[in-house]
Amino acid sequence: MIQQFKPITGALFSVSVNLILQTEDTMADRKQVIIDTDCGIDDAQAVMMALAAPNIDVLALTCVFGNAAVDHVCQNVLMVLDVCQRQGIPVFRGSSGPLVGAINPVSDHFGTDGLGDVIKDKDPRWEEKIQSEHAVNAMIRLVNENQKQISLVALGPLTNLALAVRLDPSFPQKLKDLFIMGGNMEGKGNLTLCAEFNFAMDPESAYIVLEEFLCTTYIASWEYACRNSLTWEFFEELINQDAPAAAFMKTITSKCRAYSKDAMKNKRDVYFGPGYVSYDAYAMAACIDPDVVLQSIECPVRVELQGALCRGMMALDRTNQLKKSHSVTVLTKCDVRKFSRLLLQSLRQPKK
Amino acid sequence: MIQQFKPITGALFSVSVNLILQTEDTMADRKQVIIDTDCGIDDAQAVMMALAAPNIDVLALTCVFGNAAVDHVCQNVLMVLDVCQRQGIPVFRGSSGPLVGAINPVSDHFGTDGLGDVIKDKDPRWEEKIQSEHAVNAMIRLVNENQKQISLVALGPLTNLALAVRLDPSFPQKLKDLFIMGGNMEGKGNLTLCAEFNFAMDPESAYIVLEEFLCTTYIASWEYACRNSLTWEFFEELINQDAPAAAFMKTITSKCRAYSKDAMKNKRDVYFGPGYVSYDAYAMAACIDPDVVLQSIECPVRVELQGALCRGMMALDRTNQLKKSHSVTVLTKCDVRKFSRLLLQSLRQPKK
Amino acid sequence: MIQQFKPITGALFSVSVNLILQTEDTMADRKQVIIDTDCGIDDAQAVMMALAAPNIDVLALTCVFGNAAVDHVCQNVLMVLDVCQRQGIPVFRGSSGPLVGAINPVSDHFGTDGLGDVIKDKDPRWEEKIQSEHAVNAMIRLVNENQKQISLVALGPLTNLALAVRLDPSFPQKLKDLFIMGGNMEGKGNLTLCAEFNFAMDPESAYIVLEEFLCTTYIASWEYACRNSLTWEFFEELINQDAPAAAFMKTITSKCRAYSKDAMKNKRDVYFGPGYVSYDAYAMAACIDPDVVLQSIECPVRVELQGALCRGMMALDRTNQLKKSHSVTVLTKCDVRKFSRLLLQSLRQPKK
Amino acid sequence: MIQQFKPITGALFSVSVNLILQTEDTMADRKQVIIDTDCGIDDAQAVMMALAAPNIDVLALTCVFGNAAVDHVCQNVLMVLDVCQRQGIPVFRGSSGPLVGAINPVSDHFGTDGLGDVIKDKDPRWEEKIQSEHAVNAMIRLVNENQKQISLVALGPLTNLALAVRLDPSFPQKLKDLFIMGGNMEGKGNLTLCAEFNFAMDPESAYIVLEEFLCTTYIASWEYACRNSLTWEFFEELINQDAPAAAFMKTITSKCRAYSKDAMKNKRDVYFGPGYVSYDAYAMAACIDPDVVLQSIECPVRVELQGALCRGMMALDRTNQLKKSHSVTVLTKCDVRKFSRLLLQSLRQPKK
């Protein structure tokens, strides 16, 4: 295992070089980021990746239902900020359910609380730490104050984003760019037969975002994550690092069914073989370092809104049959070495 | 004219009594109202009815796309307030399109500007008179400041209301009551084959409001309006009254196809016979004076979201097949004499 | 009650006159009929009405699933023919389920066997009495042998008819005319919230028939039947006549929930008030005697195929919004006296 | 021929061995086949492959609309039989359109007549050569006469098969097995964005067949064909063989846009790169020689019936989320050498 990862974490010299270059890059390419999240375990990982990245300023964390109820999501985000000692970043509560239709709670993926149901001593006064402004209004305000400066990274159902464009139709064009974890590109679903979790939880919002957010958009689909999975050996190395963030991740994944390495007949393993897949981190990594993406497809996409099997499925329109004027970047191949390095760094927090 | 209305306004004595009672009623039954409107000609009529009613305090007018683009709607509302010399009432701009899907502009009903395309000297500085707060946020703020006090009268597509419950899930329960012009009860549509204009323009929002607004709700459907139509003779009397409001109404209906009395093969005439139908005024009248409603059905309702013919259609569930816990009041029979009187009063503005 | 019906069954003299006239009519207006039926109790009534009518030659009875499984339907038809001593009419087995999708058996309406679950001594050798030719092929053959001569009366789901036009696209134009019991005209349903039983049981077939059967078509909708209901007193008179057919009807309605006069909160009573409604008989009566229909609407119609509430609903397109070239006759007002007389006659079989 | 095959089958010796084995196989594994076809160019190729196969007895060819109107399809099938001098095989006309909804003619794929619009001297008396029995009835009869003996190879929309199970619910269980060219497995469509031509032309029939044909079923999807394409060099070799069948194929592909090797931005090339793909031949080859299939997936499948993008799409249910009891064999990897050999043999007809 150690040998395996030598090339990634590298010798001291190469790391130094890398850090120097990264610092220079950071100057030129500093990014202001809002993270919209339904903070489950893999969101926590992705948020930590952003917090650890020297070139990223996290302006706000906006919460949305998804992996858990929005109140759990708020608490989870506060916990992650605590672990990383970054309590100064404001957290906003957003949508508690999908744009249309009833909430369909999902509790077996990352547990009821979204973080594996293992944390006992939760902060009873967490609500005081949540901003009073609604997440959607906060998004709109921040993006208006920092036009063309903000990268929005969306890790959950896209409800908050859909509401933002409804309240401010010019919201998308005032973004710098948008990174989405969600959707699919081969008709394979993980929640329903053909739809990915984040899109299936609110198909209308996914549809709206992909039709109306005409900004530069990157999509890390379910299949992208699965086809660029890491090994379970790497996962062990990752969570066994000596730092509070790694310890936190080890705790919350300790009883989580989704992080069981046993041969479950889950869809991911059936379709793509075994492996460790930290979904949201793929979108976050693309935002932090564009070089993490080795290949992608530029094309229009659309979300199917109807159907017993395909509601919420994303389709790529590579021959422009739909006559859409806007294309997005659908990620296909990841530099797993760079990605692994970002993961490893993310759990070495807080910086001493 | 006088003869014609004798039976309605009655002998001198009874009128006096009536006025006295009304004044007393007003004290006891004063209502705070927010009017959400896609201000076309019949909305203008309904707004004037509210402005003329002694027991109604209009707290705000919130605008929504529908009969015209939302910017036209804003201008139309300002014009109505000007005519009635009630410029102090704040006007808020709201949604410019439906919750899901593209705007499908309708321009032949009340003209492109929603008021018959006859007004030439429009205020070039109208935008300065619109509040900067978004209509949805204004609604939420006002309802939170006056909990259980506000009657919301919705005269257009229900997009603003749907967004309000998304941003504040407790919004509906903080309303006093809700009056909606929209939907249908016999499967007869006016925009599409089976759906009424306001619901067909945004079926998802209509669905959300009827599922999630668990407050006391009154629905004046298309068939209710059509089955309680007035005569074209009454219309002539109405608009020929000697007052600025009547003159304004006479102007905006002068070239409007919807107010042509010629035998057009429109659906209304085919289904219900000829007559003058001021749709939105039926919902407003029910808010101003409950006695205008002679009969109604209490039952759950639901909006169909799919289908080539029925998308946007409202269905009454009189045997509770859907197992919904919430019923609404679907109006069926109107006291047309009382209703006529409210109409006549509404165009005698401003009060001298 | 007797007084009430005196004018219908009349004095001896008027009956004689009537019979004489009817005999003359019969010569001029003799009709060849195929009855397609899902033989439940009201189908049995309608079939007996055809058998009793002096101007009707029943060429064949074709069976379809609906009120009961198709095998029950076949047995029921054979029983009705037995009761009326008309065993010579060939009976064909047809579709056992809808055109698309799974069979959704309905057993509480007329019982599991479709005839009230009261008949014990069923014929164990009934299958031998069913023709070996499939109902759909028999229909096609008979209509080709008697082009423009046959009236098709459809009393169940329209599956057999849809299959007939698929196997022989010219089938509809070779019919004389088509009478359908099914669909609705006010958006009120009896099986689902907005759809009538026969159409809801196979919406695709109803759609196909109403789009592709361009022959003269009469539709007796659910609301037509309900709005022209008879009294429960008449029902008592009807089944208490002294004849085998009346006795049979009395037996099969004896325990049937659908013929309970108790105030059930069924949709029919909620919408239309109490009354005896023999649905299928309304379509049959229109075929036997056009004068039974007092009013009708000529317009195109279409069946909604999608939706949670409206799938299977029929919509009238009275302003030709759908640009269809073909109109049907939607019955609206029935001569209940003539209709009552046909019912009474139908249960006085077999003729002595 | 020997030279020609050197690169594919290798040295002379191995060819001989192979031929001997094949002859022996033929004895043991003789197959009775009905081919249901919408005979376009690739169907013609597949039919010829069956006619050339020594182990295949073609009992009947049943025609269905698809690549062309069903009358063109009938003529095309007769032409293919003529070219191969196999006029004794009966040809039946079947469905002229989809099970539900209007025919949506497609004429630019293989031309209006389905065979490239290049054949001028068509047989004016072709209709006399078509059997009078309907294709669906013929299928049912033949399968009843040869229970568990017949392989059904379906190369077009599945309308005839769906009608067969409607008229005879036990039809599927009396088949030996079923080979289908159609559907997809990666959400990539060729007719619509996400649906393959044969399934998209009649989604309801595809749905019915995949739900109700519980016999052994093999599916050669669009992606299977595309991922196992041959080179355009092979295509040249194929059609330039010295035999009437090859000459016929050369003629009908001479002006066909679908056989242009120019870099068109068609979906196939965009998704899978350039290559010659004779779709229907992949299903036929799997029937003729099971060894042509190197890999496949056993799982339940279902067709999506709704949606703007996905109607007609086939989805694989590899984790049995739909709880279906029946699995099919979805082909994934083809032995292209064996497949090429079958293609080459198919155009060396008639045998001298």
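Order of writing sets the chain letters: A, B, C and D. Residues in each chain are counted from 1.
Going forward, a contact is a pair of C-beta atoms (placed from the backbone, for glycine too) under 8 Å apart; a residue touches a chain by one contact, two chains touch by 3 or more.
Only a predicted model underlies this, so the values are computations on that prediction, with no experimental measurement involved.
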Pair joined by the larger number of C-beta contacts - B-C, A-B: B-C
Centre distance in Å when chain B and chain D are each reduced to the mean of their C-alpha atoms: 60
Chain centre separation in whole Å, for chain B relative to chain A (CA means): 44
Where chain D touches two or more other chains at once, by residue number: 305-306
Chains that touch, pairwise: A-B, A-D, B-C, C-D
Residue numbers on chain B that touch chain A, as the complex places them: 95-96, 99-100, 102, 134, 136-137, 159, 163, 166-169, 204, 207-208, 211, 305-306
Of chain A, residues touching chain D in the complex: 184-188, 192-194, 265-267, 270-271, 302, 304-311, 313, 315, 317-319, 321-322
